[in-house]
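Here come two complexes built around chain A, the first alongside chain B, the second alongside chain C.
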Partner chain A sequence: MNHFARLGLPAALDLEPAALDRAYFALQRQWHPDRFVAKPPEERAKASTEAAALNDAYRTLKDPLSRAVYFAELKGVELPADGKTIDDPELLMEAMEAREELHEAGSAEAVHALAAKAREDMKNSLARLGSLFLRDDKPAIRKALLRLRYLDKFAEEARARRMNLERSSA
Partner chain B sequence: MTLLEIHEPGETPLPHAGEGSLAVGIDLGTTNSVVAIAREGKPAALHDETGKAMVPSVVAYPSSGGVLVGDEARLLMPQEPRNVVASVKRLMGRGAADLHTVAGVLPYEIEPGSGETDMVKLRIAGKARSPVEISAEILKALRKRAEEALDKHVERAVITVPAYFDDAARTATRDAARVAGFEVLRLVNEPTAAALAYGLDKGSEGLYAVYDLGGGTFDFSLLRLEKGVFQVLATGGDTALGGDDFDRAIAERMLAERKKDGLDDQVDEAAVKAALALARHMKEQLSDRDQTSGRLELLAVPSFHALTRAEFEAMIADYVKRTLGIARNVLADANMTAAEVQGVVLVGGSTRVPLVRIEVARMIGKPPLTDIDPDEVVALGAALQAEALTGGGDTLLLDVTPLSLGLETMGGIVEKVVPRNTPIPVQLAQDFTTYQDGQTAMAIHVVQGEREMVADCRSLARFELLGIPPMTAGAARIRVSFAVDADGLLTVSAEERTTGVQQRIEVKPSYGLSHEDMADMLYDSLENAEADMTARLLTEARVEARRSLLALDAALAKDGALLDAAERAALDQGRARLESAIAGEDRDEINAAAEALETLSKPFAERRMDRGIREALAGKSVNELESRVGE
Partner chain C sequence: MAYSEKLIDHYENPRNIGSLDKNSEDVGTGLVGAPACGDVMKLQIKVGADGLIEDAKFKTFGCGSAIASSSLVTEWVKGKTIDEAGTIKNTDIAKHLALPPVKIHCSVLAEDAIKAAIADYRAKTAKVDDPAKSTGKDESQAAAE
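Up next, the complex of A and B:
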C-alpha cells in the first residue's frame, strides 16, 4: 500500500497539512500500541506494524520535499539514493560556488541570508514542480528534485555554520 | 516483507490481570521519586503520613539487616555510608566501559558485569547488587505507599524516563519495575509526561514547550496538542548543564573571596562540599529575596559572604543563555518559531530561579506555566497516561526518537537509518550492498548519535551477516531494518534480498549510554556539523574513487586485451593520478581525477559492452549503487 493510500488521501503533490494531520491522528487513534496494551500479543504486534507504517507514511508526506520525491518515484522518476555525488554538471558548479560563498560569509547574519535565499529558492522550485508533473517531463522533474535536495542540504549546512558563528561570538 | 519483532519479554498480561487493581504513574527520579494516581482525569500525588509526596531515591542495606528506602535510608548515610546508595539512576543500563565517568564519585566497590554486555554491580554489605535490584527497592516502596494510600492492590504502572535514556537504560528501568512486581504499561518520556499533566488539566490546544532544568541536566521538548493528541515534534538537551552549575559558581566565588582576604585554605573535598551546601542554600534564598549572606567555616576559620540577586544572575547568565540556545535549535528542528509557542511548561527544581523564568518568558513571549509543582508534575502526567491506557481514555501520545540511529558504512561514515525526532513506533529499512567482488560476509555495526563519523557516535551493537553468495561488487542487496517500539526500544535485523539469506538479530546494546553522554553527543553534533560534513565528503569521495579503481582493475584483468598500448598507458596514467589524489586531502582533486579516469575509460567500457559483456564498468550501474557496507 502506498503512503497516500495508507492515510486514505489522494496521491497528489500538494497536500493540505491540516488534512494530513487529521487523517494521521484518526488512524493512530485506531492503531497506536497504547490502544492495545491489554490485548493479546498477536493483536499488539499487528497494531505496532500498522502504527509504524502510519508513522513512516506521515513522516514521508509531511515534508514537502520528501513528499515530492516520493510522488515522483510513484510516477516512475528514478532518483539516486540520497547523499550521492551530483551528476548534473550545471548543479555541480552552482553547488561549488555556493559552498565557497558560505565559507566566505563571516557573520551569522550573512550566513542567515544565504540560508534564507536557499529556502526561498526551494519554495519557488517546489511551487514550479506541479507544472512539470502535468507535462510528465521526467528528466526535468529529476533535475529539479536533485537541485531541491541539494538546496535542502545547503540550508542545513548553513544553519550549522550560523550556530557556530553565533556561539563563538557569544 | 515484515521484519517486525516486538521485544517484550514477560509482558504478556495474565487474563483478567489488573481487574480490581489500579494503575499508577511513577516518576523514578535521580534524587527523588514520586508516585501518583489519576481518577477521572484528575491526577494526585500520593503522600506519606506527614504529607510529603517526594521519596528520596536512596536505598540502604543496614548492617543490622533488611532494606530501607527514602528518608530512613538517608538518615543512615552518616553512620554507614558504604551501605547507602543514592543516585542509582545514573548507573541504569551502564556497563563496565562507562564506569570511568561515574567511578570515583561513588563510595562503594563496583564490580564490572561479566562480559561487556552486562551492567555493573555494586558490592554493598557484602553482596553484589545490580542497579536494577536497587531501583526495584525504590519502586517497591512506592508501590507500598500507593497500596496503603489507596487500600487496593497496585500492579500496573506507567514509569517515566529521561527523553535521552537509551535502549539499555530503558530496558533496565522496565526490568526494575518487574522485579518490584509491576506490569509496565508504558515507559513515557519525562517532558512528555509533564506536558500531559498541563494539557489535560487545561484542555489546551496548540504548540507547547517543556523546559526541564534539573540539578545536572537540561531537556527541551516541543509538543503539539490537538483534541487529546499529544504529538512530540522535537526534543533536545544537554546534561552538563543544570542547577549544580549555579551552586558551583557561588561556591567558587566564596572560596575566591576567602583567598583574597588572605585565608590560606586547603581546598579539599570536604571544603568544596561545605561551600556547595552553603551555595545551594543561598541560591534558594535568592529565589524570594534580593540579597542574602552566608557564613562559611573551613577548618574552624569562618568567613562571611554577601550575595545580591543581581550578582547571582550575572554569574549564571551564560548557563541560562545556553539553555535558550538549545531551545532555539529544537524549535528549528521542528521548523517552528518561538512566537508560535502558546505556552511553556517549567519542570525541575532549577526552574524556581527567577532569572530562568524571566529569560524563558522573554524568549517565548509569554509567562511560563508554573501552577503545577515542578517536583510533582512528571508523576502526575504519568498517572494520567496510566489511566488513559487502562481506562480507555481518549488521550493519544505520539512520541519520537531523541537521537538518530544508523549503521557504519565504508570509511567509518554513519548512514542514518532512523533520523532523530522520528515518530515511534517506527520500522525503517535501507538497502546496502557489497563493496568487493565475491564478498560473502558483511559486518553490521549499529550506532546512535548525530555525528557523521562512527568514531564520534555511540556504538550500540555489532553483528555479522554471513553466507552472502559470491557476486560482483554491488550486486547483492542487503536490507537492514530498524524497528523502534512505542517504549523506544530498538530491534535490528538484516537480510540478503536476492537469495533470501536472512539473519535477524535483536540488538541489545553492548552497554548503556548515559543520559549525559546522549545530550553531549547531540550538542557536539551541532557544534561539529560543519567539520563533520567536510570529513564525510572527503571520505565519501575516497570510498567512491577506490571503488572505481577496484572496478577498473577487475575489468582490465578480464578484458585488458581490448585496449591498445597507447590506450592502456593513458588509463594507467589516469589511474595513477587518482591514486595520488586519494592519498591527498583535496576532495575536489579526487573528484576531478575520478571524473577524468571515467572519461578515459568510457571507450573501453563501451567496447566491453559491445562485446556483450554483462557487467558494465564505471558509468551508471556503478554510480547508481546504493550505499555500501564494509566487510
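Up next, the complex of A and C:
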C-alpha cells in the first residue's frame, strides 16, 4: 500500500497540511498499542506493524520535498540512490558556487540572507513542479528534484554555519 | 564511530585544496555529486608535456570522509600517467582510509571525480590533436561558457 493510500488520501503533489495531520492522528489512535494490550498476539503484531507504517507514511508526506520525491517515484521518476553519483555540470556548478559563497560569508546576517534566498528558491521550484507533472516531463522532474535536494542541503548547511557564527560572536 | 588516523589527518590537514584554470588545455576537471547526501566534489589534474600528472587540486563540500577521499586521491595521482590514475578504485581509497561501511559512497565519489577529470582532459586533447575540429574551437568554447 502506498503512503497516500495508507492515510486514506488521494495521491497528489500538494497536500493540505491540516488534512494530512487529521488523517494521521485519527489512524494513529485506531492502531495505538494501548488498544491492543488485551488482544491476541497476531492482532498486537498487526497493530504495531500498521502503526510503524503509518509513522513512516506521515514522515514522508509531511515534508514537501520528501513528498515530491515520493510522488515522483510513484510516477516512475527514479532518483539516484544512496552512493550513486551524478555529473550534471550545470547543476553541480551551481551547487558548488552556492556552497563557496556560503563558505565565504563572514557574518550571521550574510548567511541569513543567503539562506532566505535558498528558501525562496525552494518554494518557487516546488510550486513549479506541478506543471512538470502535468506534462509528465520526467527528465525535467528529475532535474528539478535533484536541484531541490541541493537547495535543501544548502539550507541545512546555512543553518549550521549561522549557528557557528552566532556562537563565536557571542 | 571511530575514524582512522589517516582519515582524520586528511580531514584536518587536507592536501591540495584549491583550483586550477579549468579553461587551460592541460587541465582536466571532474565535477561530480552525490545527491542523496548533497555532496559536491571538484577534482582537477594538470598534465605535463611528459604525460605525467604534475599537479592536482580539489574542492569538496561534503562530510569529512568525502574531503579525506578527495584529498587522498589528489596525493595519489601526482606523478602518475593518466592511464595509471584511471585505475584507482574506490575500494583502494576506502581501504587506505579505513572508511566505515556507511561512508563507502564517499570513496565512490572520489573515484568518479578522478575518472571525470581524466575524461575531460582526454576530450580536450582529442580536440587539439584533431585539426579538423581545432578551427572551430573558439566558437565551441564560447558556446560552452
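Before moving on, here are some points about what is shown:
Here, the second predicted complex is superposed on the first by the 165 of 170 C-alpha atoms of A that agree within 3 Å, B and C clash if a C-alpha of one lies under 4 Å from a C-alpha of the other, contacts with A are read in each partner's own complex, and residues count from 1 in each chain.
Here, a residue touches a chain if its C-beta (ideal position, glycine included) is under 8 Å from a C-beta of that chain, and two chains touch if they have at least 3 such contacts.
Note that this is a predicted model, so its numbers are computed, not measured.
On the shared subunit chain A, the superposed partners chain B and chain C overlap sterically.
Legend: residue contacts after superposition of the two complexes on their common chain; A:A140 is shown touching neither chain B nor chain C.
If you count the residues of chain A touched by chain B and by chain C, you find the higher number for B. Using the contact criterion defined above for the overlaid structures, shared-chain residue A:D87 touches chain B and also reaches chain C. Of the two partner chains, chain C is the only one that A:A95 touches; chain B does not reach it. When the shared chain is aligned, no partner comes close enough to touch A:A11: not chain B, not chain C. By the touch criterion defined above, A:Q28 lies against chain B but remains apart from chain C after alignment on the C-alpha atoms of chain A. Of the two partner chains placed by the overlay, only chain C lies in contact with A:Y150; chain B stays clear of it. In the overlay built on chain A, none of the stretches 27-35, 333-341 or 531-539 of chain B clash with chain C except 531-539. Common to the chain B and chain C interfaces on chain A are residues 80-81, 83-85, 87, 96, 157.
Touching chain A in their complex are the following residues of chain B: 2, 4, 6, 8, 12-13, 18, 185-186, 226-227, 229, 231, 321, 325, 329, 332, 388-390, 396-398, 415, 422-428, 483, 485-486, 526-527, 529-530, 533, 540-541, 544, 588, 591, 623-624, 626-627. Chain A makes touch with chain C in their complex at residues 79-89, 91-93, 95-96, 99-100, 103, 146, 149-150, 152-154, 156-157.
On chain A, the positions that touch chain B within their shared complex are 21, 25, 28-29, 32-34, 37-38, 41, 44-45, 48-49, 51-53, 55-56, 58-59, 80-81, 83-85, 87, 96, 157, 159-161, 163-164, 166-167, 170. Put simply, chain C touches chain A in their complex at residues 30-38, 40, 42, 59, 61, 104-105, 108-109, 112, 116.
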